[in-house]
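Each chain gets a letter, A, B, C and D, in the order it is written, and its residues are counted from 1.
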């Protein structure tokens, strides 16, 4: 295998498709969104590419006893009711800095071969505390994109995310702009401690508005309820701990 | 030296040989099996290749004062009573992700030059607790291989191994399937805390059934008894600890 | 993107310019100096190059919602009242050893294309304790440069910095000398615990003397005062701690 | 700079020279020996090569204010009273596994250009405890070399060093044998906690016997006395600690 191998699984005609990148990251927000889209549009989705790389962890995943090599899968989604989509998803990010650059370029190469001119990199932004209201923070390659995204509910803040955007999501913007691709990163706020379906829902809602499709949220809401139960227990433990020494933080969380 | 150097030590005619990979890993299960096979078939084994790589640790091992560079050794084994074997063994895995990919490809290159069409990657799967009954978990490149392996006692479980298979064993499956090689990974259950000859015996027993040879287990049983003594001490310590506060775990182990 | 990409943003005629390198490091001394120069000479500065590399962290920074890929920016500064300058600045150093070498060579390539023959690499040298008097320690590529720098207040000490100079600043000297570039490293003493505008001022003062320009210090002094407040609190805490067991160290700091 | 740059500083005719490698490592035994040889034979030594590499740490050392890039220096030593020497010394080993392989090959390339046919890699082997008697452990590329080295006082032990030999010293043997170079590693026993001039002396004494030269030990003995003072304090502290609970270990050390 070369350090990068792109398998052509199928070819599908897409009409001015929009790239959606949802790899694992903070709160698994990006991958939850990508997986949910592929679940909801299962009948309309076709696996078109598999991207293998020696920059991925040297491992296979096993499902029902059958092993498959770590890769990024690319799905073409048509007849969404809105824009056609090209969805990038998988179980792993690259393992080192050079690999992140190589994979982001590979993603943009595939995007180019499908004439993608618009790109959404999805992720989570950690707040460090349990949250009630799920804002979506944005970053773009060009200032002119901000207004439309603000209309769809995205917030742009002067100094956020403070540490910049790390990994393939950041590079899709950083390298995309150098190729003339308009790219936005949508980051759902999330505590950062748990897989966060609610944050994923907030991001999905922005995509619906921007891209003109509608999806059901049942399965995502179910996962959210499971997580809610976990979070309930955490709050309970915090509440008991605060019996002895109540603090501002406890009041904010439980209030 | 190039990043990969394959020394041809000897050439042996093999009849449709089966690749056996047993490099160090969890519980040293894979390397115990490979070493035991080479011990039992000493008279029938020929060292045919040495695979050197800058991806191995930069070190030599020393035996009776003579140094030898870290490598993977490949032995051809004939007249086993069953299938001919091509056994890969050594003291080290690659040191980084890219190196794992490079070595797995090199193993498959050597296999191809001997017309191997079937491959067993051996390893251990950690259970995190001392165990009584040594199951062997399987993973395969193609669903069609499952029935025969189940007949030989291998278990296939929906979500195991949970984290996938890491290292050269996983990659022999992940990269093998891309070259048309049927590959299975046999993972002996093991606590993960100790070198585990009993787990190795369970894996060997599957290989006997599948590949039609018979081996003695005396030396392996001896090592198992030594380990049993160690485990006995561990149980004793647990038992004493549980005098004060008995727990479910203690009951399960000692019962 | 290649492992190194140098974007030509503009070209400016410079008269025998002096390279100033101020990347992040101990006490952020180097980057404070570079930023302050660009602030003070804003009207006289032109962004001429952006140096991108896969050796940088795989990330974008975000300002007012707009993302930009990690890079080193190179500014041409004219009409300083003294020498023309070529200032290298940015948010990140390379992530690994090989990358440091690659970037330092790239810096020297850019310098060569502007006919730079003199180079100042800026940084901090950690003393491990809060300090009152900010000396600037020097290192050079050729003994003949020492006298002039000593006249400008730089100190050369037998065994300092003890551990040598790590990162791009050190390599500009180590690789520069192999290309016939006279290079000096100016290291402001700093505790190493805090961003240190006072140490930056000491280094700037040497540059003023050597390169014949004058800059205002207001904004740097403001930052120094903010830091002074932080340091004041640290001293206070030390003072309280020393109530119980006064030590030589406390006396030295507080005196 | 390329990943490897070998500067030819001078060329010296050598008569069947012996390679001596003494880079930093356990107890700094190897580098102490190399430095002592160059000190004692100062008048007979000529710097012939500098080996630069991006695998070294990205740093310069500074002496009297003048910076020099990390490298391995190679000295030709003639008129020793015994064999001519080619001594490899420097402040750093490679920073990663691939780099160790690259540098060891570079060392052997230089050795070949001087028609070296015999190689001594020097180092320390950690015992983990303070020691009284300084044995020298050996490892060789070919069994036939053992007798002569045993005659010179080197010990060859069945399972030592247990973990093999890591770094450039090990690779000079592992890669040397593949090029037809006879190589031995001489490892002075050392606690592993301190720079150990006594261990260096033991190794030097073997080299004297094997290579037919004589050196003074005054400067090495001075350093040994300084270290002895440090070790004395350690013993004292151990002794005091053992007042309360004497143990076998204490008895062994203090006797």
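Here is the rule we go by: a contact is a pair of C-beta atoms (placed from the backbone, for glycine too) under 8 Å apart; a residue touches a chain by one contact, two chains touch by 3 or more.
None of these values were measured; they are calculated from a predicted model.
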item	value
Touching both chain B and chain D (chains)	none
Per Cα centroids, the chain farthest from chain B	C
Distance from chain C to chain A - Cα centre to Cα centre, in angstrom	38
Chain centre separation (chain B, chain C; CA means) in Å	53
Of all residues in chain C, the ones touching two or more other chains	none
Touch relationships between chains, expressed as pairs	A-B, A-C, B-D, C-D
Parts of chain C lying in touch with chain A, wherever the complex brings them together	1, 3, 54-62, 64-70, 95-96
Partner chain B, residues of chain D touching it in the complex	94, 97-98, 100-102, 104-105, 138-143, 146, 156-158, 160-161, 163-168, 170-171, 173-175, 177-178, 185
